[in-house]
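In what comes next, chain A is part of two complexes: it sits with chain B in the first one and with chain C in the second one.
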Partner chain A sequence: MNLTQTSFALALALCLAAALAALALPRRTRPAVAGALTAAAGACAVVSGAAAVAGQGWSAWYPELLPLLGVRLALDPLGGVFLAVTGAVAVCAAIYGIGYTRHGLAGRGVQAALPLFVAAMLLVPAAAGVGTFLVAWELMAITSLLLVVAEHHRRAAAGEAGQWYAVMTHLGFAAILAGLAALAAHAGGDAFEQIRQAAISPVAASLIFLATGAGFASKAGIVPLHVWLPRAHPEAPSQVSALMSAAMVNMGVYGILRVGLDLLGGGPAWWWLLVLGAGAASAVYGILHAAVSADLKRLLGHSTTENMGLVLIGVGAAGFFAASGSRALAALALVAALLHVINHSAFKTLLFLAAGSVLHATGTRDLDALGGLRERMPYTTALFALGALAASALPPGNGFVSEWLLLQSLVNALPEGGVRHAVTMPLAVGAIALTAGVAIATFVKAFGVGFLAKPRGEGAATAHESPPSMLAGMLLAAAACAGLALAPTLLLPYLAETAGGVIGAPAAVTGEVTLRLGGIASTISPLLIACWLAAALVLVLALLRVFAARRARREARLWDCGAGPMTARMEYTATSFAEPLGRVFDNVLRPESDIDVIPAKESAYIVERVRYRARVADRIERRAYEPVLAAFAAAGRAATRLANGSVHRYLAYGFYTLTGTLILLAVIA
Partner chain B sequence: MIAAILQVVLVVAGAPLLIGLMRQVRARLEGRAGAGVLQPWRDLRKLLRKEPIAPRGTGWAFRLAPLLLAASALVVTAVVPLVTTASPLDGVADLFAVTALLALGSVALALGALDTGTAFGGMGASREVTVLALVEPTILLAVFALSVRVGSTNLGAIVNSTLDDPLAVISPASVLAAVALAVVIIAETGRIPVDNPSTHLELTMIHEAMVLEYSGPDLALIEWASAIRLSVLLGLLGSLFAPWGIAGAEAGPVALLVAVVALAVKVGVLGVLLAAGEVFMAKLRLFRIPELLAGSFLMALLAVGASFFLA
Partner chain C sequence: MVSLWQKIRKTGRVAEPPPPREDGAAPAAAAELAGSVQIRHVDAGSCNGCELEIASAFGPVYDAERYGARLVASPRHADALLVTGPVTRNMEVALRRTYEAVPQPRLVIALGDCARNCGVFAGAYGVAGAVGDVVPVDVEVPGCPPEPEAIVSALRGLTGR
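Moving on to the complex of A and B:
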């Protein structure tokens, strides 16, 4: 028994213990015990994943656990990365959940579903057979669905979000099921090991890749299958939002990597150009919607679509480079994608937990009603600022490092590539750059409007700092962000090794302080950038002390061009802040607004009230989903005519169906 | 190392003079006497002597913004090849990193403006980040176009390769990238036609709206950092597309002196051209700016295409 296996088994056992404890214990102690056990399980998963990444592989087959196929488990470095990330997110979310769920979310169902959800997410990257994988996948979907609808009795939106999520995730599951079942049938076996050895015809492989890819992409919230994500992630309790947005979406990426690069062994270039294109579209579409969103958690949900898009740009580039023969670059692109997965998980956990604290303290997630939280919630404000820095991909945040790696892999593909490279790479770089720019605007808005200035609403004015357990969960995530920002070089050799193993190339990134790339002359040193920024700050302060008048800061009224005292209603809101961007990207977003002028009773010329409503609807949802939903609704209404309540008619249906079936059988036989 | 310190000192001391020079050129062309090239320095001295103010209702973001803006500008000054191509900060002297550091300064200022809670602060911040978001794609694509020839986005490497092969400057890719970068530099530094540094009219302000609440030493820091950003970006444009005179890794005192003079001349000429251009141009309407930036984006995209197809 090696470390990987021991700690993995321990993690699963702890998850089960947490679920049982949640069912058995009284309400008062339930959140603390279940949370602590789940956090311990997460820590074990981190250890197991790290051991797998470091090279301690493990595989096992338990034929008696699942009828027909048995449970097949294995951990290789690729699975280990995703396992460790999931575990780390679970640690933060579970500790945070102790304080967060104490009021109103301490029921048996929610408390028991969370550890099971974590267990399912730990099983997915460890599954080594089609049957095991599908069971784990469906368990993950069902437990997360239960958590999404946890607050449906308080908010109708949670119920609606649950419906969307249930339908989308099961359509995705059907696609994955079809794809993987076909794969297993072609390979003549359920085990991944057998599938790797099997020779699968190109047409079948392409169909399998498309089917599973669609399912995985919908889990990762990739356009146009993303519509459930900005509904379901915000409506779930905040620590569940963090788990879904920082851990569960990663499983979509893992699925594409596992099936496309590993099981099917690469495939033609067009698969990966498709992945790259979907990634680029998601990145831009996601961040544009995040930029105009005034709901803090919805904004973060859209940003998840954006970041998964960036990851898929890396994954697509990796597959594309590998298919066109440049393996070193492919390994670099894959390292960038994996690092971005980890970075995104770190900062998205932090941001969702901080958003949960805001919701907990103010009772609202509407940015237009927030503001002025920096005095009342100083720690949450500072932690959200750290997460926002990372999410906007600016140095010295951690998001910058992975985007830099991604850009390097794309930029340096041009000299050695062909015309296909020359067309796709500039567009991909442009998409990443636009995403980065709009992400800056988005997070300046989220932080600046949500936390700074004066409170815009009652809730924000009476906010209070979160309890210690919630702060501890956020602090852990923040520490991960800071570590990834300053010392990614500690992690990158292992990721490079992992990516090299998947692609079949030597490690693409080396260096202790300064990152050096195999075959590319560009270098970067995140640690040095941070150090020099700090040094420059000290220098500026020193210069100020020498040259500026040494007088104490005097409090004074805001000048505001000499106007009267400011009220909170005069402030810029999130909606007004994003208005110019909405207008610039009018063609994509199509913001809608309507004005109702209600005249007074006495005369049509006296206006009593003017109501102005503006909203930005999801155009993909409107164009692609609503017609389908409308058609279903129409079919449903038409079907009611078949059932008019007459027993005779129902008996006739039964008779005709039976006769029809018998005739059919007779003809076939 | 000496060359790098010399570069920082030169930019730090010379940046306000560049602003003075540009104002003087504008004044003369508009038929005014002008306040003299040294006026920005006099303004800075005056502002530094005033007492710092903490407006009620503002917090740490407001206080930290000028410091962060100045610090990021200083780091950029130290890494960009202006006097010497041998940056002591290898690992920071990357064109992507420099762009991101400049954006960090803008973000700090935008947050400081939002922290005041005034309508003007919010307006300025909103417009600033909108322009920033649209500028980013052009910059990164121009970087892409310039790096294709060199195989690296390291600034020193790009400048050195141009020194080795001067004809590369007039290649279609290089010319297109130069035009694209020039447009985004105008946008980044808030000059006409994107923003007017001498306006206080609410319909048009971007940068000025953000700094309205700052006064005394804070304002001095912002003005000084903005001047540094303008000089560094103009110097960078000079170094990327006309690198002659710049000192190499082991340059003697004479070479350094030549490099300093060359930098002063290049930045001075670019500044005068910019100022003269501003006299003959009006500011664009806010919602026409995206069209200008889309044009520059197209230019950068063509530059990348040209670097591949016409290489």
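Moving on to the complex of A and C:
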């Protein structure tokens, strides 16, 4: 019994204990006990994942636990990375959840479903058999669905989001089920070990990859299967949003890596170009929608699509390089993707928890009605600023390191490759650059409009700082962000080993302070960059002090065009800040606006009221989903004619169906 | 682009030749500005006659910018205020605040008869007074409205060019 196994078992046991405690305990103590137990489970999962990454593998088969197939569990370094990330997110979210209990969130159902959701997410990367994987995946989907609709009696939108999520996640599940079932059938066994050794024909392998890839991509919120994500993530309670957006979407990436690179052993280059293309499209589409979104949590949801897109660019590049023979580069791209998964989880946890604090304090997620939170919520503001810095991928934030690694792997692929490299790589680099640029505008908007200046709404004016448990959850996530930003070198050798193991190449990244890339001349040193930036900042401030002191100072009124006093109505709102971006990317976003001019009764030339409405609808949803939904609705309406309430008719249906089936069977047999 | 160059070549120089500089006592603050005066225009209640002449003074014919005077869009960027019209009650506070927003050293030019002594609007119910009653005035330009030459000449007095 090694450390991996012990702490993994302990984590599952603690999750179960948390769920039972949530059911048994009275309302007063329920959130604290369940939260503490879940956080402990998360910590155990981190230990287990770290041990697995460090090389303490483990596998087990419990044939009696599940009929026919049994439960197969195993932890290798790749699974360990995702297990540790999920555990870390769970720690932050569970501690945060102790204080985030308004509006019935302390109820039995929600408090018991959360630890089960965490347990399911811990089981997915540990599953080592098709049956176990599918059960864990479905458990993850159902528990998260319960949590999404937790507040449906307060907000109708949560119910609608739940419907979208339920349908999308189960369509995805059906695709994964079909793919993995076919895989198991071709391999002649359920265990991943058997599947790896089996020889699968290229056509079957491609079909399996496409089916499972679609399912996993829908979980990761990849365009065009992303439509549920910006609905469900904002409507869930905030700690659940953090768990979904920072941990659950990772499982989609894990699935693609596990099935594509591990179980199917790589496959042809076009699979990975497809993944790369979908990733690039998601990155750009996601961040553009985030940029024009005025709902804080929806913005973060779109940003999740963007970041998963960036990760899939890395994954696609890794598979593509591996398929075209340059294994060292493939390992580097995979390291970048894995590091971005970890970085994204860290800052997205922080941002969603901070957004939850804002929602808790003001009762609104609408950036247009926020503003001026800096004075009343200083800690939340500082923490959100840190998360925003990380999410905008600027140094010294942690997102910068992984995007830099990703760009290095793409840029350095050009000299080696042929035509496909020459076409794909510049496009991918361009997509990443565009994404990074728009991401900066997005997070400047989210932070500047949401937290600075004057409050624009009742809720923002009477905001209050969050309770200590919520701040503690956010602080942990912030510490993770800072650690990843300053010392990714502590983590990267292990990730490089992991990626090397998956690809079959030596470790791509080495170095303790300065990162050196295998076979590439570029180096980077995040710690030194941070030190230099801090030194430059101090220098500039000192110079300003010295030179400004030589001139006479005078108090002056803030310039308000002489009219004053400045009101909150003069500020930038999220909508007005994003309006130019909406115009620039008009071709993609198609913003819609409506102007109703209502004239006075006396004369058509005297305007009584002007109503202006602007909205950016999801074009993919409108073009691809709405016709399908309309067709279903039409079919449903047509089918109501079959059910006119006559019992005789229903009995006849039953009779004819039975007879028809029997005839069919008789003919076939 | 080519047609633009052709137009420039064909049109040639339209600015009037610079008139001889009048000698006059410039305010002490003007010397500190060293020949470059950034000006913020404030309409304190003008009939827009003076505005037309200002536009003309900064147009291609009189071209006040060649003497170092320039119109800017905020009092924070300005060295001098160019105030036109009698100061109406609605603009009194705004003018005072605009004056306070100009960094030192600062100058005020009262342009036109209304700015100097309320002109035909003297004693009207909406008028708070002449510019000099609200903020200290350094230079006055008479005329209703003053001719562009007079405006340019006053500005040259400040820039010293």
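Everything below uses one rule, namely that the second predicted complex is superposed on the first by the 648 of 669 C-alpha atoms of A that agree within 3 Å, B and C clash if a C-alpha of one lies under 4 Å from a C-alpha of the other, contacts with A are read in each partner's own complex, and residues count from 1 in each chain.
Here is the rule we go by: a residue touches a chain if its C-beta (ideal position, glycine included) is under 8 Å from a C-beta of that chain, and two chains touch if they have at least 3 such contacts.
Source: prediction; values computed, not measured.
By the document's definition of touching, of the two partners only chain B reaches A:A436; chain C does not.
In the superposition on chain A, A:R554 contacts both chain B and chain C. In the superposed model, A:L10 lies in contact with neither chain B nor chain C.
Residue contacts after overlaying the shared chain place A:A323 against neither chain B nor chain C. Of the two partner chains placed around the shared chain by superposition, chain C is the only one that A:G562 touches, whereas chain B remains out of contact. After overlaying the two complexes on the shared chain, residue contacts for A:K454 are found with chain B alone; chain C is out of touch. Chain A has more of its residues touched by B than by the other of chain B and chain C.
Legend: residue contacts after superposition of the two complexes on their common chain; A:V444 is shown touching chain B, with no touch to chain C. Once the two complexes are laid over each other on the shared chain, residue contacts for A:S392 go to chain B alone; chain C is not touched. In the superposition on chain A, A:A472 contacts neither chain B nor chain C. With the contact threshold set out at the top, residues 554, 556-557, 559-561 of chain A are in contact with chain B in one structure and with chain C in the other. Interface residues of chain A, counted against chain C in their complex, comprise 554, 556-557, 559-564. On chain C, the positions that touch chain A within their shared complex are 74-76, 93-95, 97-98, 100-101, 104. If you check the complex, the residues on chain A that touch chain B are 291, 371-372, 374-375, 392-395, 400, 404, 407-408, 411-412, 414-415, 422, 425-426, 429-430, 432-434, 436-438, 440-441, 444-445, 447-449, 452-454, 513-515, 520-525, 528-529, 532-533, 536-537, 539-541, 544, 547-549, 551-561, 566, 568, 570-572, 576-581, 583-584. Contact residues of chain B toward chain A in the complex are 48-61, 67-68, 70-72, 74-75, 78, 89-92, 94, 96-97, 100-101, 103-104, 107, 110-111, 114-123, 125-127, 129-130, 132-141, 143-144, 147-148, 150-154, 157, 212-213, 215-217, 220-221, 286-287, 290, 297, 301, 304-305, 307-309.
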